[in-house]
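Next come two complexes built around chain A: one with chain B, the other with chain C.
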Partner chain A sequence: MQDIDVKTEHRVTKIDSKEKRIEVVNLSKSETQWFSYDKLIVATGARSRRLNIPGSNAKNIFTLKDLDDGIRIKNYIDEKRPKRVAILGGGFIALEMCEAFRLRNCETFLFCRRDLPAGNLEREISEKILKELEENGIHFLAHHEPAAFKMNSNGEAISFETNKAEYPVDMVLMAIGVIPNVEIAKEAGIELGKTGAIRTDTAQRTNLTDIYSAGDCSEVFNLVSQDWVHTPLGDIANKQGRVAGENAAGGKATFSGAVGSAAFKVFELEVAFTGLGTQTARGYGFDVDSQIIEAESKVGYMPGSKWMLIKLIFDRRSGRLLGAQMVGKEGVARRINALAVAVHQKMSVDEIARLDFAYAPPFSAPLDPILIAAEQAAKKIVR
Partner chain B sequence: MLKKEKLVIIGGSAAGPSAAARAKRVNPDLEVTMFEQGRFVSYGS
Partner chain C sequence: MQDIDVKTEHRVTKIDSKEKRIEVVNLSKSETQWFSYDKLIVATGARSRRLNIPGSNAKNIFTLKDLDDGIRIKNYIDEKRPKRVAILGGGFIALEMCEAFRLRNCETFLFCRRDLPAGNLEREISEKILKELEENGIHFLAHHEPAAFKMNSNGEAISFETNKAEYPVDMVLMAIGVIPNVEIAKEAGIELGKTGAIRTDTAQRTNLTDIYSAGDCSEVFNLVSQDWVHTPLGDIANKQGRVAGENAAGGKATFSGAVGSAAFKVFELEVAFTGLGTQTARGYGFDVDSQIIEAESKVGYMPGSKWMLIKLIFDRRSGRLLGAQMVGKEGVARRINALAVAVHQKMSVDEIARLDFAYAPPFSAPLDPILIAAEQAAKKIVR
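On to the complex of A and B.
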């Protein structure tokens, strides 16, 4: 018994910061009530972005953000047994769902605006992802601009029309990003940042007294670019939430920021990254160079050794590691954490090359792939 | 009797529950209420 009053199916529709109260609708009873507060934490999250094109309100077009969305998708597959599924988008959710739909024997079409999936990652990483998708029977369709969905008389989309062609579909998943839920905060006078998410300080305070914000509705400070960005990830949300909670209860906690690390799985591939990519780093004015290597996950004579690709992004003058991206079939998602520490601590690639990593044949080569990549990168530093 | 201080949290996915738990640990006397529009809490953490 933690003595926290949890009210589900209650939607907060207004924040009145002058009277220190919020307006709440009890959705199951359709009743509206005011609740007073001394301290308020806005953790309203984000919602899936939806395309606003003809037919996009069809009932077999889904988004995936929360458990209810997942249940709806699962139920629809169980009931209707869709043969052809179109996924719009190329991010984590789109890629993870490719596998989920294939496991349910759906013929799966992945539509992207860009030329490669995971278009925010480095090209070399995205190319490996594309290969994995194709090997697993996903039809990848690049450079497709959505135009419309054609509906039948039941209000179900039966085809997806793009700038290139029309594709018959039985089900659609839109996985084209999220929008922070900031409407009630904005209306109350809570300041938003340039990203459109709620602006906070490192104590998770907003501009209004006694109001804090945390999670996907708020910005996070990126420790590499030194800029406030919107990085809607669950681990960051948890950390911000703890800080907001501690401070709202009278404590003095800070969340100094994130370097932006994440990992995901695409069929047999592990994909992981930390810090900034080449283009983003250039955009922030870094003098960027990079090094890419392919290595084995174990000593070559060990059975089951798998390839992996590592790309290090670093500052050409100082050698400082700005970011890293990896893809491979084994030992990738965990390995990135060593590089997340290096980015966090502003280590240079030549320092990284000298790190004492644990070695045994089942886990890596005598020189860990990270050390090999860092050694190669160090040769490019211009001091 | 001293009136308990009230903490209200809007949102029950990841940041909300973390904030609620932390606040309660720091100050067990706090009256914490968490509102969530959906049927589930802690679904995205």
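On to the complex of A and C.
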């Protein structure tokens, strides 16, 4: 691979798919050049979404997507010692940052449009997350629609106004999702999906000859819903990138899709899920039932056994597992992967109940909580 | 279930399958009675194997199978404060008890017939276990054939003689496996398998009408080797018991078999495996290849990331995963279950490499070590 020419400080500004070339600006010299390509991979990623409300350009309103964002946030805290921090959003980033701000002794307010944090997850899971937030001193403010920020003469937001009230703030984090970077691709005629991200096939090819796409700017095929969705997660980007690279180099790789597994940590709580949630599955026409159990992470007599909640979402008639969500204080994130395989394999809950898992008292009960949940779910199948 | 009549202190001494009755001794009264049955479940379990060599009946030679054994061992240590303990064996119990004896400040000697502990596992895994034992002050003595124990006038073993040397001992644990309790069943004409345990079908029926068997006294069907084997593990016993019970009560349950998953802990090391090992798989006629990788338990920049070793055993031509073994200091025992599902589903290593697992830096790298191992294994498939 001697001929890899890494061009830092260069920005692609245009794709000319007819002439097979890209327009590139050398940022340090402000020069524009054309580069020709044989194969092109569009891996432009995604950027943090920002609200466009009065005052949202204030100096102390941050987003968090990459390392530089993190350093900026860290430096601002070190310099300004903000006392009151407002986080807008209720997803991974918002929840993970609650812990980070609390560790820096900031009084932290989490503003959410919905009634619960992690509103994409099942209610029972979100309720546990809310409890964990509150136990760790986070002020959770539900049903708040952002209206405006008030700024001081220094260009810093000093208060956050919502449909409900006005809150004094010293710092703001907007964690309201990402937008795929598709502008250049779109202008070049690359097809976007209904999600707004770049549409590819399972070989990561776009609609234009010799142009591939991978990562957070592109869609991924969900194996459960059989639909193209936008799931900007690191492990999916990683797999897509390998396939796009291999194919651009003449290979024949495919990435058939994902079931959509993810995990995150909120203070001491592990949250993990795979496949579809109840509402999403219903939206795709599945006849959904679910089973929720509370269990111990290991045999009760072992020290350090902790509670966990498991919810299985399955097809009422076939018993096919459509998704699973778990929350708990130990052994959750790694447990979900067995169910990710089961969802991938279209296993039914009664098949899952009969699996044999590795049992040892320090790690689980003789029947793993997953198996108990599956066994109870199996009783609900309508034959 | 009002009519469950639990008879403690009763021992079954005979099964009369023609008359459908069992002979029972009331241990407290030394009376013998006959009880008639409609359905009978033989769940007689297994007992610790004991070596039959001179001195092996000494008072300070213990085995460990149930809670009473554990209490006896604990009491003996409390009373006699043994300085030097010899453990015979190299399996789960022997290894787990190394830690228990060290915590009681016993100088602990592990005598093994083989060259490595956990000799049923892959060599690379056993070597890591050996290292962990040695780092924790256990004296591992390979290739030792037990010959005799020398006793004092008090009936206590004071030395252990092997083919190599004589070792002074204050206490001995024999942890050399279990023997299924099948004597009464055998006498009654219940068929045993080649393993010496009771042969059943997947409904847990024995060859005799209305007699079922479940648990450590019976065989289990291995779904990978497609052979009936003796795998006396708690989770399998649990599932068999439910099926036997349901069927004895008129149900139609089946336990189709197990892939053979297990885990144990040796000091700070987690060991877990599923499916077949290399030698066993070869013995069953599989054309075996394997892939071993060393990986981090989570993203390297996270505090507390620990090494782990993963070995995948797969069919060289189809790539089908036949088994997996893992060892490491964190996140091993629960990780193996995803591979237990994959083995159960007859997935190939290239299918496994394309799975999406839940990724978050506190729990794994963007590509879980399992996926990396599978990807490397897939390159070895002979097409």
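Couple of notes before you dig in:
Note that the second predicted complex is superposed on the first by the 380 of 383 C-alpha atoms of A that agree within 3 Å, B and C clash if a C-alpha of one lies under 4 Å from a C-alpha of the other, contacts with A are read in each partner's own complex, and residues count from 1 in each chain.
To be clear about the criterion, a residue touches a chain if its C-beta (ideal position, glycine included) is under 8 Å from a C-beta of that chain, and two chains touch if they have at least 3 such contacts.
These figures come from a predicted structure and were not determined experimentally.
In the superposition on chain A, A:Ala249 contacts chain B only, with no contact to chain C.
Once chain A of one complex is fitted onto chain A of the other, the partner contacts of A:Gly215 are limited to chain B, with no touch recorded for chain C.
Contacts of A:Tyr37 after superposition on the shared chain: chain B is touched, whereas chain C is not. By the touch criterion stated above, A:Arg316 is placed in contact with neither chain B nor chain C.
When the two structures are aligned on the shared chain, A:Lys329 is found in touch with neither chain B nor chain C.
Once the two complexes are overlaid on the shared chain, A:Arg47 sits clear of chain B and of chain C alike. Within the superposed three-chain model, A:Asn238 lies in touch with chain B and with chain C [touch as defined at top]. When the two complexes are overlaid on their common chain A, residue A:Val12 makes contact with chain B while staying clear of chain C. Residues 234, 238-239 of chain A lie at the contact with chain B in one complex and at the contact with chain C in the other. Contact residues on chain C toward chain A in their complex (touch as defined above): 233-236, 238-239, 255-256, 258-265, 270, 272-274, 331, 333-338, 340-342, 344-345, 347, 354-360, 362-364, 366-368, 370.
Of all residues in chain A, only 2-12, 15, 22, 24, 27, 35-45, 65-68, 184, 212, 214-217, 234, 237-246, 248-251 touch chain B in the complex they form. Contacts from chain B toward chain A in the complex involve residues 5-24, 26-28, 30-41, 43-45.
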